[in-house]
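Below are two complexes that have chain A in common, paired first with chain B and then with chain C.
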Partner chain A sequence: MNILRKKLLPYLLLTPMILVMGVLVFYPITATFSYSLKRWKLTSPGDIHFIGLQNYSSILESDSFWYSFQNTLFILTAVVLLTSVVGFLTSIFLHIEVKWSGILLAIAMLPWALPPYVNGILWKFVFSSGYGFLNKVVIGLGLAGQPVEWLNSRRALLLIVSLVVSWRSIPFTALVCLAGRQSIPGGLYEAARIDGGNRYTIFRRITLPLMLPFVAIGITSASVTAINVFDEIIALSGYNDLGANLLVESYLTTFSFLDFGKGSALTYLVILFGTVLGGFYLRSMNKEVDY
Partner chain B sequence: MLKIQHERILTKVRKKVGYLTALLIFLLLTLGPFLWTFILSVTPEYAMLEKTPGLLPETVTFDNYRELLTADTPRGGLLITGIGNAIKAVCAALTLGIPVSMLTAYTLSRMEFCGRRLIRNLLLITMVIPVMATIIPLYRLFVARQWLNDVFWLSMVYVSSYLPLTTWLMSNYFATFPKELEEAARIDGCGLLSSFLRIILPASYPIILSAALIMFLNTWSQFQIPLILASSLETKPVAIVVSEFMTKDSIQYGLTAAAGIIAVFPPALAALVFRRFLISGMMNGSVKG
Partner chain C sequence: MKRKLISTLLVLSMTAAVAAGCGGKDASDTDGNKNPSAEGTTSKDNSGGEGDHITFMAPDWAIPTEDQLEAFTKETGIKVTVNEVGWDDIRDKMVTASAGGQAVADVVEVDWSWVGEFYAADWLAPMEVSDEMKEDMPTLETFTKGGHVLAIPYANDYRLSYYNTKQYEDAGITGEPRTWDEVYTNCKTLKEKGVCEYPFALPLNAEEKTSTYLMWLAYTMNGVVFNEDGTLNRDSVLAALKYEENLIKDELVDPADKTSSGMDTYKRILSGSANFLTGPTSFVSKSTSEEDCSVIGQIEPILVPGKDAKSDVTMALPEALGVTKFSKNKDAAREFIKWYTSSEMQEALNKSNTAIPTRNSVLKKLIDNGSIQNAGAMLEQAERIASPFPGGIPSYYAEMSHTMYNAIHKMALGELTAEEAYAEMDARIAELSFEEAYE
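Right, the complex of A and B next:
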């Protein structure tokens, strides 16, 4: 009896989590998969039937999918690069001890506290053509006579979206890196200095390698954020195709064109894409560090 | 001798200049957008679209804040209800989310059982699932069960979206305590519950507070989920209300800016208060030591 209880106890303790995740995550994604195999348009509600992988093949043949896939890839690359490099540099900056260190840390965290949609609005105020900060500066300095439409070309819009998303995701990475920097024992640096290491070798041999696992967490969390960008795109350019990534495309397919089958298939392609990255995620999360 | 001293002073000055430059760039890039939004929020509407080269408005008005913080005005009423709804959701998410992640993290990090790795990985991998992938079945489920516009179930959906992250942070933290500690307590006659309450819990407050902060910020920020599952006035959170100011037929930029500043205030305050615990929580929470 006692042994049985001991064996069952872990599962019993996990029940709340299993219930929450089962009902609100695993059940829905299974259902979404079954929707993705169906012809299911709200425009013809009487005609819902199984069509196998047809939704997937018609998506893969459409130009709009590849267009938004490219957008997703662009945002992913830019956000990961910006977030990891700037996040790392910020953590080095925040590690320098000064009188106002606490205040600087608090300021650094502010963008993280921002709801993503409000983040998009904040930056729209910077890049908007009429009342935007950037145009006031550009015109004020005489660099342009007319207001520049920053958000009207695909490349500029994607770049701006990436900047804006990175701005919000840098604090978390910086924080994780700072925690990593602070957990390096000071003794290591002393020993290196006694051994005659200069600042560059110390950075390359101690700081960088010991912080890498933390940077990896930053990179992986930034990539999850980057694939799931939605709010900022909507806030900056509205529900249209120009800056659409896979998620916006899936939202439009589902709720504007009311094609639930195809919309579900699209989200599955996003999951597939994410899971490939997720493998890397799990690996870096299970890593151990030896000091 | 003099030369060496001279060089030392020079490197000192160089260091100082470098630091101050970094400080300036940091402050400009971090606070700039907030400042600009604040300036817009106190600029009178008629001055907004004028093609003046100046960045600062000639007259300053706090009418936008006055309107938004008065519950009698239509927009003020909307915003205040939205803030109230977000606070309700935060409370529900914290009361449900913290105990569930603690329980899960404790079990996954300190107990041996079949399928532990599998359950842990299954939980972690859900981090890559976008909201859009679950929202249609969830909507149907919510309609069938009449959970739409119900703060409790809405918060449960939020909890399910960040449970993996908080559980992972907590379980790494719990894993750093030596097993002998609990064994000794067990020998002294402590049950599982009391050894958890007396040994693990008191030593874990930094990570619990960090997780609470992460949950607070994420719940406050929700947009996509409530857009579909909570569209009524009684549950609509503040981010949705602000987005409606932006898209309503007559856009008032100053008002939207003011609403944005107000919406950032509570989470920014929470971040300020809890930041002390964040670093120490993350130090043990993010990488297995």
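Right, the complex of A and C next:
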């Protein structure tokens, strides 16, 4: 009886979490997949039926999907690059002990606390062609006679979106990297210096390799953020095709055009994209680090 | 043993809490009526005597005063719980609730652009209206689909033109513009004489106002926008697109209009940075408000120009109230809408909420007694309201509008010519109208 109890107890304790995961994660994922296999437009309530993979093929054949996929890839690449490089460098600077270290750290973390939509609105005040701060600076310095339309070209808009998203995600990467930097034993640096290592060698042979797993965590977080960008895009350019990524496309299809079938298929493609990326990161993160 | 028992009880209680939290039962009041007071909304419960109880979901500008609601309850015995929700969120909440077979509220705000999809999805209960009301309320046509009136308009918003008379005098231009060609020529004169750098206020950002502007420009210019089958009328829409393209090329439109919100673009006339606007009726009161306008006394509301003379038609973008199909209190909800859109209430709501009446008789009364000042051609224009949609608002309106404003925005950025922009929107709208007709 005791053995049975011992065997049952772990499962019993896990039950609440299994239920939570089941109801809030697995059920929606399964239901969304079943919707994606149906023709299901809310404006045709009498015409909901199974159509197999037709929603997927229709999406993959559409120009708008590939356009927004390219936008997603651009934002992903730019955000990951900016976040990992700037986040890493910020952590190195934050590691230097000065009188105001605590305050500097708190200031550096501020953008992380901003809600994404507020972040977007804030930057809209900077880049707006009519009343933007940047145009006031550029015109004030005599660098341009007319206001520059920063948000009116695809590349510029995507670059600005990436910059704005990175600004919000850099603090987390910096914080993780700072924790990583602080966890490197001081003895390693002392030994390296005794062995004649200069600053560059110490950085390349000790700091960089030992901090890589922490950078990888930052990259994973930045990637998830970059794929899921929505609020900043809407705040900066609305439902403009120029800046639309997969998530905006999915939202429009599902909630604006009321096509739940196709919208669910699009959501699944985003999930698939995220899963492939996540798998890749997990594999690279599993490499062990020996101090 | 005691610790194990406590652990087991804790696990069971957590499981029960999760199950309860995930339950699908609706919040109900003691009468069993739905009370969908949603997160992010504010609600007020109007206490009253015994009787029906309804919920009313609307944006802030549609909410009656406490006194008005109390008077309604006293008169009918119907209690009203008001859910004040941001306009943008109402459609999303309606979609989510209706897709699940629930009533988001008994009485709900219905924007003119939602009518087609709400009708196709069968989310609104039909209303009954008298012939007198049909006669007095021209915007009812917008909310009529398949022979059914789906909602009763309460806030009138139709397109009216405005121009700055002082700038015309400064540029030596006499008389108000009567045709779109005159508007164009006068704008060029204003620019050339240095009176106004960007005289034409034209929304060009990728948003709803950009599509509707093209619709009423084509409608007032040529009297038609869509063919009977729902496709675009090539001659009319292409002419309107070319008109916009020329305005952009001749720099008569502020480059900032490409990224500003449509409302910010409209507001340029209130500061004198634009001379001509065809826009909402609310600008009649804005043009006399010291808070909103820096050129008071200079803006005159006039009839919308046409091709050879003033246009015979104008487009309305009104807001209405409808009864949700899943409401369990339809009769009480209809009673509320009847009261809300009555002549007396339209007059009262103009005073309390500055709502422009949808009944022409009330509008006339308010203009005549001076409640609405600087009305100009407001009343005459109201009598020319007509719908550019031959079969009513289509169910694919949202996607159609999205396609239109993106194509116009690309034209404004120089990525597409007027012909290319037309081809882009025409192809998609033809597909959508075909799907609606045959699927």
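Just so we're on the same page, the second predicted complex is superposed on the first by the 283 of 291 C-alpha atoms of A that agree within 3 Å, B and C clash if a C-alpha of one lies under 4 Å from a C-alpha of the other, contacts with A are read in each partner's own complex, and residues count from 1 in each chain.
Just so we're on the same page, a contact is a pair of C-beta atoms (placed from the backbone, for glycine too) under 8 Å apart; a residue touches a chain by one contact, two chains touch by 3 or more.
It should be emphasised that the depicted structure is a prediction, and the values quoted were computed from it without experimental measurement.
Judged by the touch definition given at the top, the superposed model places A:L53 against neither chain B nor chain C. In the superposition on chain A, A:P116 makes contact with chain B only, not with chain C. By the touch criterion stated above, A:S44 is placed in contact with chain C alone, chain B being left untouched.
With both structures placed on the common chain, the touch criterion links A:L252 to chain C but leaves chain B unconnected. After overlaying the two complexes on the shared chain, residue contacts for A:G130 are found with chain B and with chain C alike.
In the superposition on chain A, A:D241 makes contact with chain C only, not with chain B.
When the two complexes are superposed, the chain touching more residues of chain A, out of chain B and chain C, is B. Once the two complexes are overlaid on the shared chain, A:L151 sits against chain C while remaining clear of chain B.
In the superposition on chain A, the residues of chain A contacted by chain B and by chain C overlap at 9, 13, 16, 20, 23-24, 130, 260.
The touching residues of chain A, counted against chain C in their complex, run 5, 9, 12-13, 15-16, 19-20, 23-24, 42-45, 47, 128-130, 146-147, 149, 151-153, 237-242, 252, 255-258, 260.
Touching chain A in their complex are the following residues of chain B: 19, 22-23, 26-27, 29-34, 36-37, 40, 48-49, 51, 53-55, 99-101, 103-104, 106-108, 111, 113, 116, 119, 121, 123-138, 140-141, 156-157, 159-160, 163, 167-168, 192, 217, 220-224, 238-239, 242-243, 246, 253, 256-257, 260, 263-264, 267-268, 270-272, 275, 278-280, 282-283, 286-289. Interface residues of chain C facing chain A in the complex, by the touch rule stated above, are 4, 7-8, 11, 14-15, 18-19, 22, 92, 95, 98-99, 116-117, 120-122, 205-207, 254-256, 258-260, 264, 395-396, 398-399, 402, 406, 409-410, 413, 439. By the touch criterion given at the top, residues 7, 9-11, 13-14, 16-17, 20-21, 23-25, 27-29, 31-32, 35, 90, 93, 96, 102, 104-118, 121-123, 125-126, 130-131, 133, 136-137, 139-140, 167, 175-176, 178-180, 182-183, 213-214, 217, 224, 227-228, 230-231, 234-235, 247, 250-251, 254, 260, 263-264, 267-268, 270-271, 274-275, 277-278, 281-282, 285-289 of chain A touch chain B in their complex.
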